[in-house]
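Here come two complexes built around subunit A, the first alongside subunit B, the second alongside subunit C.
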Partner chain A sequence: MSTMTAGPAESTLAAADFDTLAGGLTEPEAIAEARTAAWERFTALPWPTKKSEEWRYTDLAKVGFEALTPVVPAPATAEALPADVRDVLGRSGERAGVVVLREGRVAHLELEAGVARSGVVLCSIRDAADRHPEVLRRALLEAQPGPAEEKLWALHLALLGGGYFLYVPRGVEMPAPIHAFHIVERAGTLSSAHSFVYGESGARAAVIDEFLSGDLDAETVSLHGATITGEGGAGIEYVALQRFGRGVKRFSTQHVTAGRDSRVVTFNVALGGDLSRADITSRLDGPGSDSEMLALWFGDSDQHFDHHTLQHHAAPHAHSDLLFKGALTDAGSSVFRGLIRVDKGAQLTDAYQTNRNLLLSEGAHASALPNLEIEADDVRCSHGATIGQVEDGQLFYLMSRGLTRRQAERLLVFGFFDEVLGRLPMEGVRARVREAIEEKIGL
Partner chain B sequence: MSEPLLSIRGLRAKVDGEDGEILRGVDLDVQRGEVHALMGPNGSGKSTLAKVIAGHPAYEVTAGEILFEGEDVLELEPDERSRAGIFLAFQYPAEIPGVSIANFLRTAVNARLGEGEEMDVFGFQRTLTEKMEMLKMDPGFAARYVNDGFSGGEKKRNEILQMAVLRPALGVLDETDSGLDIDALKIVASGVNRLSEADEALGVLLITHYKRILNYIRPDRVHVMMAGRIAESGGASLADKLEAEGYDWLHRAVAAV
Partner chain C sequence: MPRNETITELGLDEYKYGFVTEDQPVFKAVPGLSEDIVRQISHHKEEPDWMLEFRLKALEVYYSKPMPKWGGDLSKLEDTLDEIYFYLKPQDQMERSWDDVPQEIKDTFEKLGIPEAERKALAGVGAQYESEMVYHSLKEQWEEQGVIFESIEDGLAKHPELFRQYFSTVVPTHDNKFAALNSAVWSGGSFVYIPKGVKVEIPLQAYFRVNAERMGQFERTLIICEEGAEAHYIEGCTAPVYSTDSFHSGVIEIVVKKGARFRYTTIQNWSNNMYNLVTQRALVHEEAKMEWLDGNLGSKLTMKYPSCYLVGERAHGEILSIAYAGDGQHQDTGGKVIHAAPNTTSQITSKSISKGLGRSSYRGLCKVYDGAEGAKSNVECDALLLDETSRTDTYPYIEIDENTASIGHEATVSKVGDEQLFYLMSRGLDEAEAMAMIVRGFIEPVAKELPLEYAIELNRLIELEMEGSVG
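== the complex of A and B ==
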């Protein structure tokens, strides 16, 4: 327990001031700076209420932030892999590296030697702040989300220090994904981690962020931020696989910047937790850039999932395609709120946005709010959303083969999800996501 | 005589929520190992009977009983009937995009095995490959989504494939021959014959509008359905008579009753 003496003093968020948050930690200047400014913003800003469009269906007032104990991640340690992580890795295919984070603190980090030799950097955010402060600073600045997200983003940054940094140099093609495990173990805490993924021109990288915990007996909040940048011609595949246990409320803010002729795929999968919100922005920053945004969720019990997206076309000739599908049963609920924004100069934009929802029970509820905001005049954009039920004919067909109603419904959910899964380029990544979904759906 | 595999007595049924019975007192026995052909004009209730046997929720049984191996199945859900050994080959099989035939059939096979007795992937794959060869199906077929974008012939072959894998005690084939060209018809018919040979106790109720398929599957009994009941039963020669004379003589006979 000697690490505890080096950690910050523990108090609730309500009682915390910046000194207690930082207490006892020496940290890189870039982080200290960002955290100080963020803490000031956080204390000055009001919490968004249900009056704001962005938070109309997800009530932040019901999250007891004030009573939580903030965790500022201590410096990285080198622990053995936890059993559940070993278990997942044993069943997964090839990988180029593994990161294990406990409440944001890097507890284990490994990068395949050959990949490291090619110049790929994989380290903790703290180390990155020492070694690449400018890259980090710029990326965090660019990732500034919209006004409605500012309060949570400020809180995330005020706790910054946890998370990892992946940097793939020019032209380097990583042969396999990096697999990161974000583990939350301490009930009643507020912790945060950042995933930083940067691909220089022509780089290829794939990352899985897997979020997990047991069922926790007190309200616990996990904040997450991701900044994903692809320079010219880069290809990046990013997966956030959220399978927290009950008791956890999760807020993730993800920001993609796609440079000229780059292609960035993001895939969010929400399966666990009590509440899970992801705010995902893709900025089409260079001509010819391509952003594919994918998501799947399956909610049961009284789980609530909220996906909030922005496809921001800032450059001409860019393409973005969003396909989000959710299925809900019991009293599960979900919100999709998406916007395609096309700037005046972004002519010849191709942008699509589709959200489909499948409801398996009377008590389940989905809201879908797709939107367009177009200032250019030569664009192709479409958006659509559906909310429907399982077809009786399909259900009877499957049941007539001996599947129980529950099995038949779950198999149909699988079929419904398959279109999205099929769009994940890397087979190993796809297999892991499919397995996690199977586990949750329980066929 | 031993207890029939399927015994239908005085069965009356209608579409749930509508007036007007479609089945108006059906009596039919199928013994183990027998192939019965059920013929009749359009709208006589043949397909309704097939769906009611399988437990389709759109129909309401207003009177009568369906005994399968001596047990009343009317209170059973469709999946319970299936696991008990009743199989319906659909006239219009549902399309299930996103679900592969292999995944679907493995789930169906495991649904009838106990917890912990599930078939492993390799054992299942062997069974599936063997049955697909029997039906002259391309091995890549198993990876395709269930009936999604299938031709009529592929859909019907897929129905027989499922029957071959699930090995029911009773197969109800609802117009499995319709929409098939002669080559596809022969393959489907030979598939059914092979299943009958492999399982001597298999009972088949073959519903058809045309005699054509009966050139390839020899029925033990032929029944003709008219206006919601069995109007005539006989041996295989009854099918020949229907082929030669049509249904008119039966219409007149029914009208005279």
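== the complex of A and C ==
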């Protein structure tokens, strides 16, 4: 594939100053200001260390950020769909639009004409700063990350400009999902992309973000942020399907805000990369809101997956349900650290959190830290975590039917994952995720 | 909130055992901590040189470690530590018979409601008044069996070899800041040795009591349970109310050898201005079984996580924990199980109740090392919130390096259900009775494991705390 031509000075992060990062681009004032401020914060803040609870099991000191080449967010230029993207699109079902991003830069963007006529906006973050500055400012630029995410979030914002913006107006129901492809091709780079999804009251939207790369021969970092907001009664489904190649380290920070009576589903699937970390926060902001948080991961070789979640109940009568399942083989490792926080006054909260882990090999290890902090009394909260292996009886049964141990094991993992997959409402999205998992675990 | 006003008006929130006995210590160190104090303590105890060196080294470790930032709020503790007395010795010598115990101290026990008859029935009563054992008796047949139940000081003096072999092997000095502090200034506690195959059927009891104002208590207990032996040790605490913060930081070390069974029961009811930071740990060998039964009702802040290090094949560890956090209290409690050998099993059951401005936190660790094949662990935490100002947290850590392990953790948080209350009230109970009955039912799984007199005491304390909580 060809690389982008907007050719700013190339330097490592350690040597970069903001002017190199800006690369002489002209950009909307809102973004330029936010980027400058974020860069200042980034340079002022220390890197989180393993001494902080949030980074206890993932060592950022082992990521060579300083030596990476930051990719300057350049303006979008139209380009034909890459062959492998066409291939995926050819196989998966209906869609309302397609976005292709390369190292965070929007390279291709299309929205079905009928959907566009209903008022739905799909554009680059840069263009959104001109068209919807208020929404962008409120939901993204002023978002407050937790202290542990601050450093990476600041870096993400400093590199902002890459990424897309989806806006679904009041009452509009999108007939099919938007499929976005985040492609990383250049080894040794640090790139950043943002997925911005906003549904006004009563809107319906579904988005699938697919992260792709080949196996890269040098350490490469992909930063990703997602801001997903549902106003009153909105219904939003967001899927992040991470299937990077080896060499890539990925950090994703996702902020969900669910307004009154809205329902937001997030689904994170981690399959690729050397290191994959996701910080996912769901804020139950309005009474009657509902957040479903789902995730699956399958790690082999020496892959490391780290999922960090917060279900923040700020309003009464809200419901949240988290189900994260992971399977590990070889020397794969994973961390789940989740917190349910119920504020004072968030009465009649219903919050659940479940993390289940399968360890398939001797070298695999998993950590689970499901936490609760409850300050309201009229609540129903529970959490559960298990770590175990596939049952001998089930293995024996399948093997007695002629499967090899490996086949039987993989089939059982698939069955284990199915409970989560089954919760995805949109069939097309479900099929795509299923396919990607099959490819990874090699059924 | 009208409900809290009522409690205050009726004086029901007052500490039941809030009485003070005039005390006349024989020796009282100056407040605060220094190398001099440590030397004085060691000198007064007529300790061997190695123990003085051990203490001094521990003091250095204590100074070098930062104050923990997790768990409860310790920001005011450093001021407190400058003011407390690190050592008091109420009497010159150990008492051998009940008649010799001073009246003043007997009065204190009387107010705690331990009946005379019961004391006699109890096998060995080691009651800790101030910093040392004042009363210590042990039935003759046990002495014949070779059971040792001494104050920790006598343990060191009379059984130096045995003492030195095990002391600080389970909780090393550098384990944590407060273990280091305890190692430097420890005073009082028990030394227990159960020889091979001996089964001690009646529980060994030590009733701890802190009395003098601003006095830190640094009890140190060392228990060795030899192969195939069985015993149950009970420690209970109550303390009077004082105006300034007080501090308790104990270290309990237990070695449970092959095939032995040991149970350690604590009911902690320190007054509500006490910092209670305790390190309790057991090393559990092959096929041995260790049970911690941990009740935390009092104190301002308790940070205590009894732990089982399962180091021998098929070792079993069990932790039953109950916490009650009323106004101004933070119970940061739980348990740790470390699976370091194959086919080891463990169970943690935690029940907590928060009321008023109270906060109870479960904090636990389940760690399975690579090679601990077939390890099984199950953790259950249930939290009950009695009103809208109370708070509860659950912070379990699960770290698994072994693929054949099977680990489960479950936690629930709930309030007393309206339907439950309604049902009981429709059967003729008033609301307070119904509430108390539900709470009793909630703690039942832990209470039923206690010896009868403790179960009664626990129920009585909970009932007392519950009074006036409906309104």
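In this section, the second predicted complex is superposed on the first by the 433 of 443 C-alpha atoms of A that agree within 3 Å, B and C clash if a C-alpha of one lies under 4 Å from a C-alpha of the other, contacts with A are read in each partner's own complex, and residues count from 1 in each chain.
Note that in this section a residue touches a chain if its C-beta (ideal position, glycine included) is under 8 Å from a C-beta of that chain, and two chains touch if they have at least 3 such contacts.
Quantities reported herein were computed from a predicted structural model and do not represent experimental measurements.
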{"item": "Superposed partners subunit B and subunit C on subunit A - clash or fit", "value": "fit"}
{"item": "Touched partner set for A:378, first subunit B, second subunit C, both or neither", "value": "second"}
{"item": "Partner chain(s) touched by A:404 [first = subunit B, second = subunit C, both, neither]", "value": "first"}
{"item": "First, second, both or neither for A:18, with subunit B first and subunit C second", "value": "neither"}
{"item": "First, second, both or neither for A:415, with subunit B first and subunit C second", "value": "first"}
{"item": "Following superposition on chain A: angle at subunit A, subunit B versus subunit C, Cα, nearest 10°", "value": "80"}
{"item": "Superposition-derived comparison: subunit B or subunit C, residues of subunit A touched", "value": "C"}
{"item": "Contacts of A:389 with subunit B and subunit C, given as first, second, both or neither", "value": "second"}
{"item": "Subunit B versus subunit C - smallest C-alpha distance in the overlay, whole Å", "value": "15"}
{"item": "Doubly contacted subunit A residues - partners subunit C and subunit B", "value": "none"}
{"item": "Residues on subunit A engaged by subunit C in the complex (per definition of touch)", "value": "53, 344, 347, 357, 359-389"}
{"item": "Footprint of subunit B on subunit A - complex, ascending", "value": "391-394, 396-405, 407-408, 411-412, 414-419, 443"}
{"item": "Residues of subunit C defined as touching subunit A within the complex", "value": "70, 370, 383, 385-415"}
{"item": "Contact footprint of subunit A on subunit B as seen in their complex", "value": "54-58, 77-79, 81-83, 87-88, 90, 93-99, 103-105, 107-108, 111-112, 145, 162, 166"}
